[in-house]
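First chain written, first letter: the chains are A, B, C and D, and each begins at residue 1.
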């Protein structure tokens, strides 16, 4: 594959106003009560490691592209209206998020659900910016990336962890 | 919701050449060795019951719309090329399928994987028709509907099953 | 199957101090902000419908039995210690919960994660009672049943819902 | 954690008659049609990498312990009978398998389902040895480890793969 999917994914997230630092700060916020010595640099590292996974890249760009296509209005009805109003019974955004969260094991599920409900920081901003675009997938995808980075961080704290393991 | 998602979903499946009967026949083929008294009418009933689930409707129309948008060429690169060549590492089609399969419990997983690998009947046809369109999601979605219908059929054979349970 | 798994599952939950009403109250608490007219009776109905699913019964009794076997000390080391201290990296409890949550679609994931993190009502009690027994699986299972009941309630509010659909 | 879970997991698999080589051979069998240059050594490496994941270790030892406890007869009824006869509607074994398969992305799902249905090599032997013990979880867990190793191998074939990525 010629295209650099890692950088492309980071670009797409930036376009919707989400930076690596935004996500690293959320990891810090969720995890600092368990590990009081973590640094923002460490959190950035785990966010970047999550984004290096091919599975995560594929899932993020598919969800963000669906948001963009819905904003452009080229998605057929009735799906267009479902995506535009972020219909509460529509669960495909959560399914995609699950594909990201599980990459570092199911302990990420709890953090995903919490972030998706409480919507701290940039996740709330995505949710509030809905007039400017469609962010049906975006908020769940960002919550999932943060949750997966939290899981990776938790795994990295065990004594026998090596970067190669994960 | 005004739009009849149930009939719309069946319409979209028909457009790609997949009828209720095609899927009922696959259910029959997979399940007849376990239950030698099942009829095609019974298989049809379970396929239709799967398609009545809101979760299933949402998942099917999202996947088929992604296939259509890729065929139309309005999906942005590099995702467009990934979808058009059904890139083997792309797993979002399997994630969506999982959302369908799990609706009747995880016993559907085994049948889904088997159908997705062996590709009997209409699933193989979708796979072979790739020159005429993009069917990256279609074959997995159809395999998932059939697998879920097999699970529902298996559950219905227990003595204490009532239609209301499921 | 001769054994009445539905009643047996309810019995096992009662043994650890969790009643249908405890779970109905949690459904009410989570959902009342979305639907201000729901009654506790309605919440009870959805909890009971979740517990009627064979998949849910199997998952609940397996998790509670693992807790009991760990309490009895018949589980082999090192798993015994992992279960007794509810090791944070142990994610099998979340995997089992996922099997319950998904039965009414992935919209249950968010509520599950939230409940598992915030631990309201009886879920906190289970967590605090850990000296009296092992509740590694119990709190996740109860959170999952409540989350699934919330999803079922949300689905039941759509105009075209019939009990037979679900 | 003091206990070496990696070696303990391999020991437990050996006890039920499943070696690293048995699983490597299954990876070879499934993948050789896609990559004609793979060696058994490479397949062994991917199986071992899967078994190094903490999530996988936890899931495998929990499932195998449930099989052992059922064989010993200390599991309470009615779960004991369900496990002993590998009741077809019991899907907790598939849920656990899902926790393993997803660690390298959802492309593992298809291979898992296929292996679980076709039961080649050591998986069939586990299934046939049921008189000697309970292997309700064992066959699904082995199929899941092999499927995850196939996914890891497929990911490793992309040009930009580094061992650290995964």
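In the analysis below, a residue touches a chain if its C-beta (ideal position, glycine included) is under 8 Å from a C-beta of that chain, and two chains touch if they have at least 3 such contacts.
Given the structure is predicted, the values throughout are model-derived calculations rather than measurements.
Over half of the residue numbers found at the subunit A and subunit B interface occur in both copies, marking it as a same-residue contact. A repeat of the B-D interface exists among B-C, A-D or A-C. It is A-C, with more than half of its contact pairs matching by residue number.
Mean C-alpha position of subunit A lies 26 Å from that of subunit C. Counting partner chains per residue, subunit C has residues 1, 54-55, 89-92, 95, 98-99, 105-106, 155, 158 touching two or more of them. Interface residues of subunit B facing subunit C in the complex, by the touch rule stated above, are 1, 52-55, 99, 102-107, 155, 158-160, 163-166. Contacts from subunit C toward subunit A in the complex involve residues 34, 88-92, 94-95, 97-98, 105-107, 109-118, 154-155, 158. Within the complex formed with subunit D, the subunit C residues making contact are 1, 3, 5, 8, 54-55, 58-59, 61-62, 65-66, 68-69, 72, 74-79, 82, 89-92, 95-96, 98-99.
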